[in-house]
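Chains: A, B, C, D, E and F, in written order; residue numbering restarts at 1 for each.
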């Protein structure tokens, strides 16, 4: 196994992907914003007007996908050609799922990861006035398609 | 309890903090990048040259603190007057801890949260070539000081 | 009258405001997104799901206020300490009104102007699939408060 | 007519354009900065040194075209492969016209719109010291070429 | 002498300046864009229309001062309250001089350095079609004022 | 020789490259951060812990390459598909060399120039506490490959 993010002397570099082909690629990541019952009630009752808290998070997540190359020093500048962020209320928090698509030279795993994370941060920002214990967990890659390595899906554990 | 992020009609707005005083405020957040034994070995043996993977994450995290107002739609533009990001190898991953300080009109909880999250994303980006199952968990606010509400510390659970 | 944005030789420069005092200042701007009856119907019926089109515009506008110093070469980097964007359906379009507040050394007229404009652009982006003739008009400063020059209000014409 | 910016549940998403072809596309937008006679005189006499006020606006507009995906939450990150901003003194203000070109997977209407708008904002910023009543109007798409839908031109009204 | 940019373990951190006072501070830096006789002639004759090449560089430099905290990982986010960029034709190139001013908690040496550098890069970009050998040299801090350490001026050598 | 960055009336514009082909292109630039013996000793002895000062500069330089289109008003938004920044201690300073690669429609000379410059600025920022006389010189294009004009290499002088 070669670890392509490091040059001969062990220094960080941006991996050269000029020889890779522009093909359709996608990646899906997910994460969880863990909320107290009080926050969940507020989200459920609309005393934290649900639509907008969710709209802020969703829009921040999509914009976050586009910020990936700015946030991660070694990420490539590539086209972001599609992005969705979905939010779902569960029993102990809000599940965030993001899918990013591109027709460019490298995968969009980190773009999907970033979309989930920024959406989750935005949600924390919306409810931190209700409970500062709100936290983010289980942020992980779910699956990817496209590219030379083909489809990949997270193993159940 | 009033939820100050929403206007009369339930729409998102940036809370007015012009009447708050510029005082010294700090916030500490932490999180965990969960790694497989193979990734931890690589980090420990230096076959993923430790210094740099950690340098990339640390620097990305500090820069991330400064991106908070750009990532979170309702966050204020404030001065960022100090920031540290610490990384520690633990038995099942890398613990990320960030402290942000300001002498401005509002708290820096979200800046600390963002620093942890972006450092964690950068670390995932560094090792995803070794294991795509690397994930981020337990991102939470640890403590804050300053401001009218005074010091706060996460409750043990 | 001296025109402070230009140096001795007529070249652009950022006016020095270091001697101005940090006091509370606000500015309100407004504008109009002119829509065809079909677009207005869609907005009214919810076949362009109203909440979200408006949420996107509102959030883009608030984020836009924070981008002012990046968009306008001679604008100062100042704190943005409060921002609201309101949208109202009128008979021939959507009225956008933004108020920005700061406790910093210079006024926020351009921040309010930018918030209105970016919210309007976002709205155009949301409905351009329905009608490419949607246009933006009447973007103007309504009033400002604070600073040495004191309150100002647009003259009726 | 399907409104492609919204998912099944009415939530904002970035439309997937991965299946569209990278072809040459262009868009032209225009707008008007309405100025008082005093401002127009200053622009005409060079007491607001014409070249530079116009240079600031022109350069801000070109840079603005490149900021489109950052300002509009649902806009795609695409290549910006050509941009011009033209300014013309008319009897009651300054006409701003911008053309943006790309060889990418989606149209550049919003990039042209953004270029016009940011150039106009920059012009307002340059002359607001002379007259705070300066306003922006008639910002609209003039024409577009390229893409599957082919050429489009604004209807006279 | 203590080197404040590094924590106990030798890792990068953003120095805490919360205890420093907001006072008026300024810094001036300069640099040289070395041009071939052909490029200088073009600048002098206006066959590279002088005004605009210089306008682009000047405006890019001012905007560059505002990008300092984004470009330099450990730079603080502070107010930028005044900025000028001057350009002068000399016998073997163009001298760039920038002064930045703030009324904030830390000095603006790096903001002045960044303004000079970005203006110089923009000038290279403008003339690289005429001569790819154009180069940048002698970028240095000239003087600073304000802050606890008081005025400083470059020693003649 | 035509100077393509200016339109008929001598105004700045972004050159249209839509007709150019996406091919692999690279550019290498270099520069020198001139340090006093005291700074060099600190770098050599590790009293400015070498790894990190260099890590900050290297990472800032790579991130800087991606900021090129944002810093230079007339630069195109293109893919950045590979980037390295190398630093070497020499007798009177630190040599910075950057190579940027793309598979897009225009060359990356300015991206390489920007990477060198931002890495150099970051290094100055790291050591300015030791010596404010640290300066940047000899920033120049070394070579480029790809594109219609083919390979180019700096002439010895």
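Quick note on the criterion: a residue touches a chain if its C-beta (ideal position, glycine included) is under 8 Å from a C-beta of that chain, and two chains touch if they have at least 3 such contacts.
If you're wondering where the values come from, they're calculated on a predicted model, not measured in any experiment.
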Worksheet item: Once chain B is fitted to chain D on CA atoms, what angle does the rotation have, in steps of 5 degrees?
Response: 180
Fill in: Which of C-D and A-F has more C-beta pairs touching across its chains
C-D
Response to the item:
dist(centroid_CA(chain D), centroid_CA(chain F)) in Å evaluates to 31
Worksheet item: CA centre of chain A versus CA centre of chain E: separation in Å?
Response: 36
Worksheet item: Multi-chain contacts in chain F: which residues touch at least two other chains?
Response: 11-12, 51-52, 55-56, 59-60, 63, 70, 73-74, 78-79
Worksheet, complete the sentence: Chain pairs satisfying touch are A-B, A-C, A-D, A-F, B-C, B-E, B-F, C-D, C-E, D-E, D-F, E-F
Worksheet item: If you look only at chain B, which of its residues touch chain F in the complex?
Response: 51-52, 55-56, 59-60, 63
Worksheet item: Taking the complex as given, what residues does chain A use to touch chain D?
Response: 24, 54-55, 58-59, 62-63, 65-66, 78-86, 101-103
Response to the item:
The answer for chain A against chain F in the complex is residues 7, 11-19, 69-70, 73-74, 76-79, 104-106
Worksheet item: In the complex formed with chain C, which residues of chain D make contact?
Response: 1, 3-6, 10-12, 31, 42, 47-49, 51-52, 55-56, 59-60, 63-64, 67, 70-75, 109-110, 113-114, 117-118, 120-122, 124-126, 128-130, 132-133, 135-141, 144, 152, 154-155
